[in-house]
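Okay, so subunit A shows up in both of these, paired with subunit B first and subunit C after.
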Partner chain A sequence: MNTLSHDNHGLRLFVRYLVLTLIAAIFVFPLVFMVMSSLKPSQQLLIDSGSLRAFLPVGDISLNNYTMAFDRAPVALFVANSLFITGTTVILSLFVCSLAGFSIAILSWRGKAFVLSAILATLTVPFETIAVPLLLMSSKLPWIGMDGLEVGWLNSYRVQIIPFIADGLTIFLFVQYFRDIPSDLVEAARAEGASWSQVYSKVLMPLSGPIIATAAILKFLVMYNQYLWPLMVVQEEGYRPVLVGLQYFFQLNTAWGEIMAYLSMITVPVLVFYLFLQRAFIASIASTGVKG
Partner chain B sequence: MAQQKSLTQSNVSGWAFALPGFGLMVAFIILPFFFAIWFSLTNQRLISPNPPSFMGLSNYVDLLSIGTIVLEPERDATGAVIRDNAGDITYPRLRNFTRNNPDYPHLQGMREWFGWQTGPNDELRRVILAKDVVFMRALKNTFTFVIIVAPLQAGLALMLALLINQKLRGINVYRAIYFMPVVISIVVVAFLWRLIYDGNNGLLNNILGALSFGWFEPVDWLGQPSTALGSIIAMSIWQAVGFHMVIWLSGLQTISPTLYEAAELEGSSKWQTFRYVTWPGLRNTAVLILIVITMQAFGLFAQVDVMTNGGPLDSTQTIVFQAIERGYGKQDISGGSAISVILFLIVLSISMIQRYLTRERNT
Partner chain C sequence: MADVVLKNIKKSFGNVDVIKGVDLDIKDGEFTVFVGPSGCGKSTLLRMIAGLEDISDGDMFIGDTRVNTVAPKDRGVAMVFQSYAIFPHMTVRENIGFGLTIAKTPKAEKDAKVAEAARILQMEHLLDRRPSQLSGGQRQRVAIGRAITRKPEVFLFDEPLSNLDAALRMDMRMEIGKLHQQLGATMIYVTHDQVEAMTLADKIVVLKDGAVMQAGAPMDLYHNPDNLFVAGFLGAPSMNFLIVDVIALTDDHAHVHSPVLGDITIATKGRQFTVGQQATLGLRPQHLSYVEATTAQLSGHVTLTERLGSETVINATLSDGTTLIAAIAEDQEFRVGAEIGLRFDTTKAHLFPELPTTTGAAH
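Presenting the complex of A and B:
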């Protein structure tokens, strides 16, 4: 009787892992296909996708597609643009949104309830619904640059950075987090004569590691994956981010091998980053759901 | 309480700390939102020598006007229905009604959207016309997308979450894999799947062919109207289902283990446990997930832009694709803004309906 149930248990365990693994295969196969294809000549790539060879590094394997991708498009420039835009926005966003979150969660001031409800209301406005008027606004905004006053933000880094620094979700995450910090800490610091900026920088921010990680990851994913907005506001090569740069590979002839190499180059580093920090990534997505 | 309030009361510091963030949000989210409403009432263009003028609701009228007409078949002198060579009934041309016909002013400038046979012997033809047929198709496609994706993606994500919520060695590895597509841009995913869906040598056709021992005929998944939207739906779910699995998981973990222990003591079946313990505990999560998926699904754009460009035959046109095509492609800011406002009103009313339908009934 005992052995019977034990066998049964082993079988059920096997079935469970089998189901989990088959589902995992569904999520992994396009990515394996992408990386393997990036190593093959376009001709072989298309023939191989007729069989399991599509997922194996077999045949004429080389890094040729990668060198050809660099010849075809300024890949390094696009990657540098994306990293610069993403990095700057993430850092500025953490600073500006944590300040606002601190003010709303800790301080009492006239008009706070209105500001908080306006910030929460923006959560119901999808970016797609403001993209078109924002395009017109961006074409007319002034800017003081190297050559004095200029008009128009199109074809620049600032148009890809500044509109995305502050967002309702990030501020809200900080508000939630700061509210849970015991008020004794703040009161003690104030009693010792700390200014509000010192309370923010010396008391609250050092305790905010988890929420900073969460907010940074969410912002990183949004910014690195920007597509619609740069498509609209950047026509000059010099300011293009990685995803808009993809257009280069569809001019004249579509070379799938090079496309796969380019897609691998812009995706694999993010995947590696994710796999190292997967707990933090998953926790950050989960945190948008718990109280949201 | 009063003392605590005075301790943190500071109008100047409060505004000073909040202002950088709130100011940016006003400038780049709230202001453009009101501009969208204003532009949609004008004839604003991206670049124009003339100042814009106020147009009232005419942008909305152009987008949303629909009309209907019943066509009588053409008859010969004896009153018999005239049929063409193929045996189909012939009707007067629609343009007779829609172009400067003083008897049908409400149909002016409209085109056929769809129609069907009606009346005795199915001789009459009822035609639905729209001023902007492409936008009507975009509305229909977007609603189809949302109505299929929202329940399917939420349901699959819940099933995955229940699978991942088991206590098994190495379960975190599976969780990480299921979540992986979420960190990849939908644009990259769409390019990959373009190759997978390819009509000639696509991976999908070849896999289906192999599984059916060659019985399966290759399909040009993105190239024909009947399968293009479905293909985009399947790929979109593949990419995003891990996101909502994680939100379900965090909902599952808020359910107290003592409830499960009690259910086990009562000897309830797995289904009963799910029905009476798990599901009630997930109520708020379910509302949130439905609202999030609906909002994301109404924003459908990148997949269409990369994979089909709205085609074939407008079968994958969407609301946002139309808004961008006008506002950016044709530089018609007012038309694009009007579509944006319509989209916002749709999203707002649907999330309000969802909140109402899923409200707490026991309070």
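Presenting the complex of A and C:
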């Protein structure tokens, strides 16, 4: 009986791992293809793509595509721009959206249900619909720069950061998470003399690690993958992010090997960031609805 | 140290009145227990004293200050929550010192106060642990420690022991009693457990539906309940109620009759009766004694016995179907179905003009 159930358990475990491995493979194959292709000359890459060789480091393997990519585009500049824009937006967004979430979930004020509905309603509006009005507005907004008052935000970092700091999804994530934190903790802190800002900074935020990680990852991905907006508002090379940089490889002749090398390089920061926050991200998903 | 005075305190949520005009005078250093069934408003009243709920009407004073609109932190109160409400991301030391950290108390002074609280609660060895590494009783101690360090004038406890198991609850109950003696502070304690109320309180306030049913020393309430509700709520097992007819009245006594009891005379203790009305006779189970059938005032059949060693609790059904509970102060074996005779001292019986309702006294 004991052995039987033991065998059964082993079999089930085997099947489970098999299924998980297959699912993992489906997600990993495009990445493997990208990295392998980045090591091959364009000609061979196109031939290999019809067979399983596409996923294997075979044939004429070299790092040539990487050196070529650096020649063709200022890769380091684009990656640095993207990291700066993404990092700044993520940090400011976590701060602003968590404060908004705190206000809606914890404080009591008239009309907050309406405000939350309005914020959620923004989730149904695709960015493309507001892109053009936003562009027109951005071109006329004032800014106090080094040379005094300027008009127009185009060709800058701020135009790629500020419109994306507050967003409905991040606010909603914080609202939900804060609502699940037992109200006794907030009341105890209040009774002990904490101000609302201390309740936010000393009680709620330290308990919100999982949701901070989740919001940070989601925001990071959105910001790092920005394409349409920077294409519209940035003409100067100096402010371009990575995906707009991809255009450099489609001019004249399309060099697939170099594109793959470029993509491989710009994927690295995303993977590093995800691995860094992975544990908290998974904890957040696993603990949805579980009280702190 | 401070008195707490409530004058016609009211609380409504929309159209629902949850506290309906409470007047209370809690003396400096007194241990007051709010007790009552679920939904009676006892926790709401405590939260109003803490400043966590607004006061809809009336005046509340802590010491000489009217505190209706004073923020919780400025009321000189500290509260211990049912859920402990200790911060999971802080160590025990940080939890206990939280209020002092917020008040920007110098580190040396804070450390000394935390150490003092830890010593009083015998948890010096736990100071660097996190709440997740503590048992329920230890967490409760942390919550109490946090309350102590700020040296509040009034301690508020909201059902602090209800999440603990029975043995631990008894230990903590004694510790809270000791703490009160040690600190001498005013304490207000909410519970639905009448044993906690009876053992801890200098003064019990029995609440029902947002109103005070009776307030006073535990033994006063036990021996001289003002009304049927208090009579039925305090004491375990609950007081027995028999419906009787008032057949004659003298200055301070009523002659009453019931088919199962015959005629007896009971002191009216100042309550108003009219001849011919129905009234309720209250008999504590502990005041019923087991006697031979010939001398019995009440007789019936045993339907259930619970032998507790020190006493035997008997459920007996009288000839008219009424169930009586008697607590006999010794271990005795009764056969289910056997006939039983009971007697009581009429001076210890109570007569109430109101009749028990299904939602009323018995709980």
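One rule holds in what follows: the second predicted complex is superposed on the first by the 235 of 292 C-alpha atoms of A that agree within 3 Å, B and C clash if a C-alpha of one lies under 4 Å from a C-alpha of the other, contacts with A are read in each partner's own complex, and residues count from 1 in each chain.
The criterion applied here is as follows: contacts are C-beta pairs under 8 Å (C-beta built on N, C-alpha and C of every residue); 3 or more make two chains touch, one makes a residue touch a chain.
What you are looking at is a predicted structure, and each value in this text was computed from that prediction instead of being measured.
When the shared chain is aligned, subunit C comes close enough to touch A:185, but subunit B does not. Look at A:218: by the touch rule set out above, it reaches neither subunit B nor subunit C.
Once chain A of one complex is fitted onto chain A of the other, the partner contacts of A:203 are limited to subunit C, with no touch recorded for subunit B. For subunit A, the partner with contacts to more residues, out of subunit B and subunit C, is B. When both complexes are overlaid on chain A, the residue A:133 reaches subunit B alone and has no touch with subunit C.
Residue contacts after overlaying the shared chain place A:36 against neither subunit B nor subunit C. Residues 187, 190, 292 of subunit A lie in contact with subunit B in one complex and with subunit C in the other. Every residue of subunit A that touches subunit B in the complex is listed here, in rising order: 13, 16-17, 19-21, 23-24, 26-28, 30-31, 33-34, 37, 46-47, 49-51, 54, 96-97, 99-104, 106-112, 115, 118-119, 122, 124-137, 139, 162-168, 171, 183, 186-187, 190, 196, 200, 221, 224-225, 227-228, 231-232, 243, 246, 256, 259, 263, 266-267, 270-271, 274-275, 278, 281-282, 285-290, 292. The touching residues of subunit B, counted against subunit A in their complex, run 4-5, 7-11, 13-18, 20-26, 28-33, 35-36, 39, 44, 46-47, 160, 163, 166, 168, 171, 174-189, 191-193, 195-196, 198, 201-203, 206, 210, 238, 242-243, 246-247, 249-251, 254, 285, 288-289, 292, 295, 298-299, 301-302, 305, 320, 323-324, 326-328, 333, 336-337, 339-341, 343-344, 347-348, 351. Residues 50-52, 72-73, 77-79, 81-89, 98-99, 102-103, 146, 150 of subunit C are the ones that touch subunit A when the two sit in their complex.
Of all the residues in subunit A, the ones that touch subunit C in their complex are 182, 184-185, 187-194, 198, 202-203, 206-207, 292.
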